[in-house]
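The same chain A turns up in both complexes below, where it pairs with chain B and then with chain C.
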Partner chain A sequence: MTRFIIVRILQAIVALIGIAVIVFFLVRVSGDPMALIASPNMSEEQYQKIKESLGLDKSWGEQFWIYIKDMARGDLGESLIREKPVTTMIGESMPNTLKLTVPSFVLSMILSFFLGVMAAIYRDSFWDQGVKFLAVLGQALPVFWVAIMAVLIFSVYLEWLPVAGMSTPAHYILPVGTMILFMLPGMMRLVRSSMLDVLDSEYIKMARIKGLPERSVIWKHALRNALITPLTIIGMLLPSLVLGAVISEQIFNWPGMGTMILQATFERDFPVVQSITMLTAILVLGINLLVDILYAYIDPQIRYQRA
Partner chain B sequence: MSNIVLQVENLHTSFFTRAGEVKAIDGVSFYVREGETFGIVGESGCGKSVTGLSILRLLPEPAGQVTEGKIILEGKNLLELSKKEMRAYRGKMISMILQDPMTSLNPVYTVGDQIAESVRLHQDLPENMVEAEVVSALRLLRIPDPEMRIKEYPFQLSGGMRQRVVGAIAMSCRPRLLIADEPTTALDATIQAQYIALFEDIQAKTNVAIIFITHDFGVVSRICDRVGVMYAGKILETAPTREIFKAPKHPYTAALINSVPQLDKKDEKLFSIEGQPPSLLNLPPGCRFYPRCTVSMDICKEQEPPEVKLDDNHSVSCWRVK
Partner chain C sequence: MKKWFLVPLFLLLAAVMVVTSCGGDETTPATTEPTTTEPTTTEPTPTETTPEPIVPTGTLTAVTSDFGFESTDPIFFESLWGWSWSDSLLRWDENNNFIPGVADSWDFDEATATWTFYIHEGIKFHNGEDLTAEDVKFSVDRFGADEPWVSFNPWSQFISYAYNKTDSIVVDDYTYQFVAAYPEACQQVVFAWTRILPKDYFEEVGQDGFRAFPIGSGPWKFVELIPKTSITLEANTEYWREDEIPYYEYYVELMVPEQATRVNMLRTGECDIALGIDYDRIEELTGDGFATINAGVAGTSSLSFQGTWFPNAGPTGDIRIRQAMSYALNRQEIADTWYAGFAKPGGQFYMVEGAFGWTDELTPDPYDPDLAMQLMEDAGYPDAFDDPIIHTYTTAAGQDYHLLLHSYWEAIGLQTSLEIVDSTISTAYIFHNFVGRIEETDDNVGWIFDWTYNSYFNSTYHCANMYTSKGIHSTGNDPTADDMYAAVTHTADINVADAAFAAFQLYVKTLYINIGVVEYEILTLYNPNTVGDWAGRNWVSYQDALNGIKHPGQ
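Moving on to the complex of A and B:
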């Protein structure tokens, strides 16, 4: 298992280097930030000076080398627009994003497992139909539209919930709800179908033959087997968590990393875009590794293959 | 004569589907004595497995329902028990072995865990005695190195070994009745012989009553004391195994025995019964084997033959038998 983890970490490092290269050149292809910074009445001399101070006069190759060297030292550079170190900016916005994403993620997982398992146990019941309806609805409606409608209904017309901001717990309801809507439907359907497969199996019949109460049959024998497929998907779900954060933060004016990266992209603020992308990549790779370890814990066959 | 462990009387089980009521079991009666093996033989879909599941009351609900009859285990009618009482019977008094050893063990728990679960559930043992009990169950099924095996997962075992583990789970609480639903069908021929020998051994040691469900008359001849031949939800003939092979009374029994390939007859075409079993959705009146019977008479088409007792152990439902 240790060997497996080491190999996976090395693979992750290779992936990160690849991502760094792609992001670095991709943002530069998007356009020259000087075009946004410069004002029409600036002299040629001033223009050159600013360009030099931002390091934009150097070739892309040189810039890349500096970027990698600084990153290795933990220096993410300075924002081209805000003249603040990127680490400071991330330090301010990351906690806000975490306050939004962590509860959303945890809640959607708990909900999707609970609802999915229930739908499978009471297959074709009113309950199951309800879950199916919810899943289809959630997947068919664009989440940003639902969020805007929710603001319109609950905040504007009914005035039950605040429109934007993050000062009270009530402020969390709509943004977290939006993110749950992003992750819940797919996961719930997957848990349902995975659970149905398992419930149909012979070893579940055996568990009943043993005289086990239904509670143990479901939560001990069935769920652990039914977890294997959805768990793999959790790793793949993370990008949609990031996407959900960007959309949700934008709609609810949440001062997090999603808002920050969106602004930075429009402003061609290279260091900020690069840093947030890298950070997201590290997060996704890290959690994927965690999922793989969990996977081995749940399924002994995988544990033995890796030993 | 030893005691009767299980007595099934006039059992009717139906599946209520959109197309209508499917009478999977249509009036089945039989009994099994202590230390005896009763075989239920028949083609697929004749209701053999449903009989087993009806006894355990594990029919797929809500579609499957026992609509009539009695299932009496040591004086108690199982159909009158509450769900909770029935659960206490399962695994402890009655156990079952399923057909496919590759899928009937839970892949994520060790062999030891899966046996210990039954032991803990039904036997009031202190925790330090559980493992000894698990090992003894594995020994009963003649599994080599039981102390090592308990730590292994099903995927580390061969098919034959897995089926022994399934047997060990079933026998772990020394049940009074064991229902074996085609336990050897998925095994290789050589392993099959070993497994059957194992059954005899277990029975000699524990005196368990066994219901052996199979489609294979060859297996029947080796293990069963008495046999019930089932066709389209009904037992057509019940007799001691030797008697049924020597002188089958029902044309269906005779045809089934005839379809067992014989090694000493060369170059002969394999015998098969023409036609298909009837749909259980709407059975025609008369004998259910009538459309495929080669010796049918006029009455067979109109009236269902009553059960005729030839002696204490042999009964047949056929108009030809008087």
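Moving on to the complex of A and C:
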């Protein structure tokens, strides 16, 4: 097991270096930020002075080395546009994003597991049909459209909830609800199909024949084995969570990381784009690592095979 | 037991169907008649009765799409917020006449080319310190300093030592002199833009400290700026112009990038004013009872031709082709459709009807496709050109508008190509990387860009960049235009300058290096149930109009 974890950590580090290289060069290919920063009244000397102060006069190779060196020290640089340390900016916006994504993630997981299992147990019932309908609806409707429609219905027509902001608990309902609808369908369908496979297996039939209580069969034996695939997908769901946050934050005017990366991309704010992308990559790789470990824990066959 | 689960699903589906099928029938405020408020003059008029003192109450909330260049330093042209908490040396009235700012009066000695400003006594900054000639000198010098302020300010260079300034003198506490190299009446434009900063406070806290918490003498006091999120201002109840004290105690501006969210916030009353709303939505919302006001000078859309004098400019190097491109445009149709009727044909670069130098002879070219085709034939188009394709460029955001223009050109047989470029590339083309004029080897020689922007009451200095051979946009290269421009900027008489500028405009129009398309209204949308009359200086800018916004029924 230890060897397995070490190998996976090393793989994650290699992947992280690869991502750092790709991100660094891709943002630079997109254009020169000096064109947005400089003034028409500026002399050549002034132009060069500012370019130098931002480190943009150095070669890409030199810039990359500084970037890697600083990142290793935890220094993510300073925003070219806002002249603030990126860590400060992330520190300001990250809590807001977490306030949105954590409850959305937790609630959608609880709901998807519960609804998925129920749909599998009551296969082809109205319950199952309802879950399938909800899943299709959620996957077919674009999240931005759902968000705008939710605002129109619940804020403009019914006047129940506020449109934008994050100052009261009521402000959380629409953005969190939208995020749930964004994450729920895929996971719910996966849990349902995975659960159906397990429920059809011989060992579950055996458990039932042996007279185990149905509750124990479902929630202890079947669900544990049905979790393997959904758990793998949770790691892959994280980038979608960030994407969902970008859209939700935009519609509900939520001052989080999603809004920040969108603005930074438009502004060619290299250090901000690089840092948030790297942070997302680290999160995704970290979660994937955790999932792999959990995966091995849940399914001893994997543990033994890899060991 | 199982069926209850379907109820919310059906309700959701039904709600979605109702909403999507009834999109136009939306919540309306109590007032259902469309309202368009005309700008109101608030210049002090003699009255016999003493007006009631203004006691600011409540919060005025506005939403905007983007804070843009969100600096709090009024030295920046883009820092329009600075208007709210600062006073300028001079101001201008509705008819473009210069009127007192912090200077009660001023005079100009032609023999010594010296401007003398007599500063109003008793003006206090928000920290309680007096505004004196020292502050004026500090502000003017800083504004005209040859430093990399990283600003797009088109005026600061015009009072810098490199241009027309030889000295800056504090005569006494309330008299300031600006010594120019030669008489230039239009410099008053720059003085009307120069906002007066508190010298002592600035020096005490430094530039960064000032930008973190700016102080001025204006009707609003800065409270807080949360970058890319919100800015909050508080009414200055001690404002020295008592009739211009704000009616609202607080002004909060939120950055809400999504238009649908801004519109919905206006509908639900979460904000009072929505900025940056598309014309078609404005039409819909005014139909639902929301109101609009023209705050600031109207905008213009014009087309600019770069490097037309170079041999490799292609078809746009021939004035007949440029004329054909102008005659091919159905400006009225563009105004009626693209601008939903909130525009009219015309407009020069940064210049709308009634602006400084305007003359009624500046009429837009008529829609005349036959004449356009005749001009093309006279120019031998397309055979006379090695490469008959005419290029325009814009960013992705501007592509639809360009496609509209291309459709008119293609209708008369011009071969066009739209180049969608990154905003960085677009900016670099328009300003040639900020380091000089276009060169013959550059990609964009002979190409066209559109300039769609708010106009200004006096565009003298903007036009230097568009029409003269030193202009940063690399569109002008005509000695006569240069001489005529010099005539505008080398006179002490503003009326002479006005006439010279009109003559200059008529001349540069014949060069077809910049052609006006339409003049469009800059509309601010608001809820008439929560916002009353706009009684401020609406003709200057939205920020200048703020302190004149009243409560309903006030």
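One rule holds in what follows: the second predicted complex is superposed on the first by the 307 of 307 C-alpha atoms of A that agree within 3 Å, B and C clash if a C-alpha of one lies under 4 Å from a C-alpha of the other, contacts with A are read in each partner's own complex, and residues count from 1 in each chain.
We take it that contacts are C-beta pairs under 8 Å (C-beta built on N, C-alpha and C of every residue); 3 or more make two chains touch, one makes a residue touch a chain.
Being a predicted model, the structure only gives us computed values, none of them experimental.
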Inset, instruction - Answer with clash or fit: chain B and chain C placed together on chain A by superposition. - result: fit
Inset, instruction - Would you check which partner chain A:I209 touches, where first means chain B only, second means chain C only, and both and neither mean what they say? - result: first
Inset, instruction - Using the touch criterion from the header, give the chain among chain B and chain C with more contacted residues in chain A. - result: C
Inset, instruction - Take the Cα centre of chain A as the vertex and report the angle out to the centres of chain B and chain C, nearest 10 degrees. - result: 150
Inset, instruction - Mind working out whether A:L231 is in touch with chain B, chain C, both or neither, as first, second, both or neither? - result: neither
Inset, instruction - For A:F133, select first, second, both or neither according to whether it touches chain B, chain C, the two together, or no partner. - result: second
Inset, instruction - Have a look at where A:M94 lands relative to chain B and chain C in the superposition and call it first, second, both or neither. - result: neither
Legend entry - Partner chain in contact with A:S201 - chain B first, chain C second, else both or neither: first
Inset, instruction - Have a look at where A:H221 lands relative to chain B and chain C in the superposition and call it first, second, both or neither. - result: first
Legend entry - Smallest separation of CA atoms, chain C relative to chain B, angstrom: 16
Legend entry - In the complex with chain C, residue positions of chain A that touch it: 30-33, 35-42, 44, 46-47, 49-50, 82, 84, 122, 125-127, 130, 133-134, 137, 148-149, 151-153, 155-157, 159, 162-165, 250-253, 255, 259-260, 262-263, 266, 268
Inset, instruction - Please give the residue numbers of chain C that touch chain A in the complex, ascending. - result: 2-3, 5-6, 9, 12-13, 15-16, 19-20, 26-27, 147-154, 156-157, 226-229, 254-258, 260-261, 264-265, 267-268, 270, 422-425, 427-428, 431, 433-436, 465, 472
Inset, instruction - Can you check the complex and tell me which residues of chain B touch chain A? - result: 56, 58, 87-92, 95-96, 98, 100, 103-110, 117-118, 121-122, 153, 155-156, 166, 169-170
Legend entry - chain B-touching residues of chain A, taken from the complex the two chains share: 201-203, 205-213, 221, 224-225, 298-301, 304
